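Consider the two complexes below, in which chain A is the common component and chain B and chain C are the respective partners.
Right after this comes the complex of A and B.
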């Protein structure tokens, strides 16, 4: 029995990947720690992230109609596969709670000063829960509308920020030690590009005609998102200079500086809407992956009964696991790049190698029978 | 007051989800639903009462630091 009957096509996949990759990276710039070279760190991180993504999507093409839980079971055997799948479910669930917290912190520290964190996180989770209950098709179609809004808002801000930019602030290029640069570029690869591993839960819903060309569309989505990140990083560094590094939310601070003819100012509140909807997409995808995966591993006939309980646990976890917003950011820069490595590189790579090995073995057997 | 809100939210979830499951005779799903919801209720009650919950982020930090130490030998 199939848990998810909705089907999506490649265009949905591309838009969903753009939205997912934008996700929390629209508030916390990827590649932190590289100063004015952030854009280069993102570029290097993109190269690394594309390798990760190539592995996931090759795996997805090799096992059409199967999600990561089923792939693990085929490749690693029933028991080991289940253990790895449980780790993945934890990862999706935990990542969802981290993203919820990022958005909660962002809104409570910059816009809704008096509102308790739980209100913002709870409301976001309710919104995401309704999207998850409606299935992947609805989430994917949301992205078709929401991603263009964000891209439009981004272009709009960047044009209005042009008067504030000073390109010399990007100099000197590559002054920092290679070790620090690699650290930032690796952190950009794991957040956000490598997080697209969650799409291994979604590619199983692609319709039949889309599967063979999925890799092109998926990697294309990541590259499009990266182009916007690089533009945002150049813009932020050129507008803010050294302070871009200090600020927790550089894009937001940069947009605060927009002032056109003393009329068009304080645009950051308008921008917080596209920021929020990207977070909604990312949380929905992760939430959906965690819920559908849990239902599958428990052998349930429907994933709907798990949506609200798992969502509640996610909300509690996101509020209690960090005391402050700064603690969250420090954890995300110091620990997260290593914590996510098994999920983004090691397990998919092992699965891919094992799958190729199994396939060649099966192929040899078939050839032997034919002779 | 907070506990009252919590009870209202969780009974709301039960009223929303459980009747459909009983009607379709999805017993296994019903049991799993109550197990998850029971866990969710326990941790949210503890959080509301101000009991410090163990943070998984701290645990992950310890594991990651331990593995880095193993690899680099520092």
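Right after this comes the complex of A and C.
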């Protein structure tokens, strides 16, 4: 019995990946620490992230209709596979709680000062829980509506920021020592591009006609999202100059500076809501992956009983994992880029190598039998 | 069963969504909207005095009549060791919460500016409520006296000052900067911040205010002042001159006023024979605005000589600003950053940390290309033939 009967197509996949990659990166700009070279760091990070993505989407094409849990079992054997799968479940679950926390922090530190964190995170989680209960088809169709809204909002505020931009603020390029630049670009690769590894829980729901061309659409989604990040990074650097580096949320600060004819000003709250719906998409995808993966590993017939328990723990974890915002910053800049590497690169790479090896062995065996 | 469950979920959602929305609700009649913030040194040297002008909405007259009697705004004050502490203590005097998000002007007293504004500045950057689109100002004398002036053209002093600043482009003799621009310059290792200076004009019951120049900072401390001529010299280099009048003398007596239509500037850093040099190219277009002398200026030769005079006048303004800035050793023009952009390695090795030694002796060449386009609605002067 299948856990997920909904089917999505490649267009859904592209939009969902764009929304997922936007996710919390629209508030916390990727490639932090590179100053006016942030856009280059994102570009380099995209190249690295695409290598990760190529590896794990190749894996998905090799095992059509199977998610990462099933793939792990086939490739690594039942026991090792299950251990690795458990690690992945933790990763999706933890990442979901991190994104929840980022949005909670964003709203409590900028707009809702008095509102307890748990209220914002809890309400977001309830929304996501409803999406997860409805299955991947619903989440995917949401993205078809929500992603264009965000892209429109992005273009809207970028156009109105043009009078504030000064292109000389982007100079000189490549000023950072290579080591610092690589640190920034690697951080952009793991957040957000490499996080699309969560889609290994979703590509199994692609309809039959889509599977073979899936890689093109998935990588395309990542590239489209990256183009917007690069535009945002150029915009923020050209508007804020050196002050972008001390801002926790540079895009938000930049949008605050919009003043067109005294009427179009103070737009940042209006822009926060399209930002929020991207967070909803990312949380839903991660939440869904954690829930469906758990049901799979436990051999349940339906994942619905797990939605609320896992969501509740996720909310609790997201609140308790950091006592202060400073811990969150240290985690995001110093630890996360390495913490996420096994999930984004090492396990998928091992799985792919093992799969190719097994295939050629099986092929040789077949050839041997034929003789 | 299914029915009851749906009812249950609806109830839970309704209660959580509606119930939770109360934490950060801010009703307009619970807020006192700040329209000017002034920071002075308090009598106690460890404290500062914050003066805030708040709108009294009931007294603001509307175009359709109505509005009330009495002043449209009220000034309240409090002391604190930091601006945030002072801001929180404002509620001792106000029954409403002071709301800084719409504050258009942030005024530091000259005394504070000379002592250094960085300690008091952080609150206006870090706190999410005050915006970085507020204008930075230095008040000659005390900021509180300035805010206490009852302005006539706009009954709300803060909005009046905002209008003063936003119309400086007409003469382009005063450089203005918002909190964001000030912060950017403050964070640069070499570029010096600046902002407008405002002072009280008149006495006793007939007070008004005027912008009197540009305050020049070194890091966060005010070190000097640009007068009107030097102020425009600075704006020429920054390429921010919008309009204004250049006065040049006639051949014999009287003056000619040339109106600036548009201007642009380009700073080119260069290293010639191991010395640093900056070349400023200014292009300007103007119109003949007025003439006091009865000479026909529309003759080709007179016209060209007028263009040359115009260019020379601009050059002199720029040189005056450069000279003053070099005396103060404050790089308000951003020459340091221009070198940074062009000579990355040299910048890092030598200039970045020693710019104070290079800047006063920097060789500056000013090249002006000034054009005169139109003559207004007349050609020859109005004199009897």
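What to note about this one:
Please note the rule applied: the second predicted complex is superposed on the first by the 371 of 371 C-alpha atoms of A that agree within 3 Å, B and C clash if a C-alpha of one lies under 4 Å from a C-alpha of the other, contacts with A are read in each partner's own complex, and residues count from 1 in each chain.
Convention: a residue touches a chain if its C-beta (ideal position, glycine included) is under 8 Å from a C-beta of that chain, and two chains touch if they have at least 3 such contacts.
Please read all numbers here as calculations on a predicted model, not as lab measurements.
When both complexes are overlaid on chain A, the residue A:312 reaches chain B alone and has no touch with chain C. When the two structures are aligned on the shared chain, A:300 is found in touch with chain B, with no touch to chain C. Looking at the shared chain after the overlay, A:115 reaches chain C, while chain B stays out of its contact range. Contacts of A:94 after superposition on the shared chain: chain B is touched, whereas chain C is not. Of the two partner chains placed by the overlay, only chain B lies in contact with A:339; chain C stays clear of it. Once the two complexes are laid over each other on the shared chain, residue contacts for A:211 go to neither chain B nor chain C. Shared-chain residue A:322: touches chain B; no touch with chain C.
Residues of chain A that lie in the contact sets of both chain B and chain C are absent, per the superposition on chain A. Those residues of chain A whose C-beta lies close enough to touch chain C in the complex are 109-116, 119, 122-123, 126, 168, 171-172, 175, 240-243, 246, 253, 256-257, 259, 265-266. If you check the complex, the residues on chain C that touch chain A are 13, 16-17, 20, 23-24, 101, 128, 131-133, 180, 183-184, 187-188, 340-342, 344. Within the complex formed with chain A, the residues of chain B that make contact are 9-10, 13, 16-17, 21, 26, 28-30, 32-33, 36-37, 39-41, 43-44, 47, 53, 55-57, 60-61, 64, 67-68. On the chain A side of its complex with chain B, the touching residues are 94, 298-302, 304-306, 308-310, 312-313, 316-317, 319-322, 331, 335, 338-339.
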